[in-house]
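Chain lettering (A, B, C and D) follows the sequence in which the chains are written, and residue indices restart at 1 in each chain.
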Amino acid sequence: MSPPADPATRNGSEGFSYSRQVKFYETDLAGVVHFSNYFRYMEEAEHALWQAAGLTVDRAGAELGYPRVSATFDYKRPLFFEDAFVILVRVHAQSKKTIQYTFTFTRGDTIIGAGSLTIASATRDFQSMRAVDVPPDVIPRLKAAAGQHDDA
Amino acid sequence: MSPPADPATRNGSEGFSYSRQVKFYETDLAGVVHFSNYFRYMEEAEHALWQAAGLTVDRAGAELGYPRVSATFDYKRPLFFEDAFVILVRVHAQSKKTIQYTFTFTRGDTIIGAGSLTIASATRDFQSMRAVDVPPDVIPRLKAAAGQHDDA
Amino acid sequence: MSPPADPATRNGSEGFSYSRQVKFYETDLAGVVHFSNYFRYMEEAEHALWQAAGLTVDRAGAELGYPRVSATFDYKRPLFFEDAFVILVRVHAQSKKTIQYTFTFTRGDTIIGAGSLTIASATRDFQSMRAVDVPPDVIPRLKAAAGQHDDA
Amino acid sequence: MSPPADPATRNGSEGFSYSRQVKFYETDLAGVVHFSNYFRYMEEAEHALWQAAGLTVDRAGAELGYPRVSATFDYKRPLFFEDAFVILVRVHAQSKKTIQYTFTFTRGDTIIGAGSLTIASATRDFQSMRAVDVPPDVIPRLKAAAGQHDDA
């Protein structure tokens, strides 16, 4: 596990590591991170991976966007204010038109939880969200940035 | 389907209807509601159901809290600024220590998506999140408020 | 003051009343509404007033947007989960290119705080945010919807 | 101005620099950061300063909290997705019971805006939010961490 000091580092073996610290406004009255924020954390890790791959999900004039098709998270242990934690991202080519990511959250040796995002490649006409093929270089570049040499 | 005019109404047959309008700050640069906010909408609908049942997930001095165990959402169509939509909630007794809800989102005749939340009944010591039995009256009262007479 | 039961009602004398209930995800670890959410509440009240006036700050193909120029809030008493509160909005024509609103928040007889938003009328090219004159009908319509017959 | 590469660095002369990149979920349908998020950014910078001073606004069993008394922001230029920007924080001892911070936001040579937060030192009984004196070491330690040697 890479140390939390580094905001976004490539893991030695497999998967992209993104480090984060819990902000005050992400907690709720139960004293822990609100469950909805884990979805924001997953997206942050996704976009950090895109940046590491020299890509972005948003570029002025881009014809494509990447709406979410599904999102899941399983919560094991809570996160508290100022906790430093690490998200390990892995990329899966689910179909020609979608990308699936899986995420595991850890704080030191403690497993916080795990989740997934499935996104579609779609034309920017969001009224219809017409799915199109993911551009051919995207998944290889993301996998390379994540240090994934297999085809999992 | 009940009309959006009424903020939280009991559906005639089955399930609890919660109506909502999209706020500006819930949209993102793609011009649609950010996917993380659907989890907040589900929680809002859950708590409106608890209120309709004369219950609350938070009461000063309460020994129990209801942390989330898992959350999922499948996105079909986007929601836009000022859209009025309806969430239909159904309650499922998954186990002695957990409650599962399912949610369907519609805007008029358009299906927006569907999701689920599984929550645990836990002692308020969130460091351990020790699960305990859901108090016996909670699920019957939630089902009654949701107009669910079956045992689905 | 109108009762909290009604989501958005015109106050008899002066100012537009918007009623709201605190959501769980708006609280923080201190057990109260996070201070940043008061700015979202003010915007909600602003947009409810625009809707009451038959207007919207966003319309597909609109040439104008309404970026914020300044925002302030003074906090007197905290808001808690499930609190019902009322925001009274008043409109002020500050200049040809800007609109100022003032907001007072109350929960029953308790004053929660007061704030202000100043917005500009601007062309939709946000890179430059070039201010333009507010369309002439906007402020009269907002004031009428707010029941403001004076020129305060 | 320190470069954005470093997440939180002490500025050589005066003020504490906190660097940040805009997240996707912080944007709104206008394509820019929602105005409410600037208040979250200011709080993030505040807490990073506390951490740099070896302090925290929240500690289990702490008798004191730091509710906000007032908050302001003046917006000059918008922030866009993935923009890197820097917040310069300065600490001002406003009274025995309050601390005031001022913040300036810049993206490269562009001034984004400026704001302020006034916080009170208060007993943890938030129902009353009874203000008490700020502990005597807090402001000197914050100013030292911010490199402020004057008494501005």
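One rule holds in what follows: a contact is a pair of C-beta atoms (placed from the backbone, for glycine too) under 8 Å apart; a residue touches a chain by one contact, two chains touch by 3 or more.
Just so it is clear, the structure is predicted and the values come from calculations on it, not from any experiment.
The equivalent interface to C-D, defined as the listed pair sharing over half of its contact pairs by residue number with it, is A-B out of B-C, B-D or A-B.
A count of C-beta contacts for the chain pairs A-C and A-B puts A-B on top. Inter-chain spacing, taken between the CA centroids of chain A and chain D, is 27 Å. In whole angstrom, the spacing between the mean C-alpha positions of chain A and chain C is 35.
A separation of 25 Å divides the Cα centre of chain A from that of chain B.
Of all residues in chain D, those touching 2 or more other chains are 24-25, 29, 31-32, 36, 40, 43, 58, 81, listed in ascending order.
By the touch rule above, chain A contacts chain C in their complex via residues 24-25, 27-29, 31-32, 34, 36, 81. Residues 29-32, 35-37, 39-40, 43, 58, 65, 67-75, 77-78, 126-127, 129 of chain C touch chain D in their complex. Against chain B, in their complex, chain C makes its touches with residues 7, 23-25, 40, 43-44, 47, 51, 56-58, 81-82.
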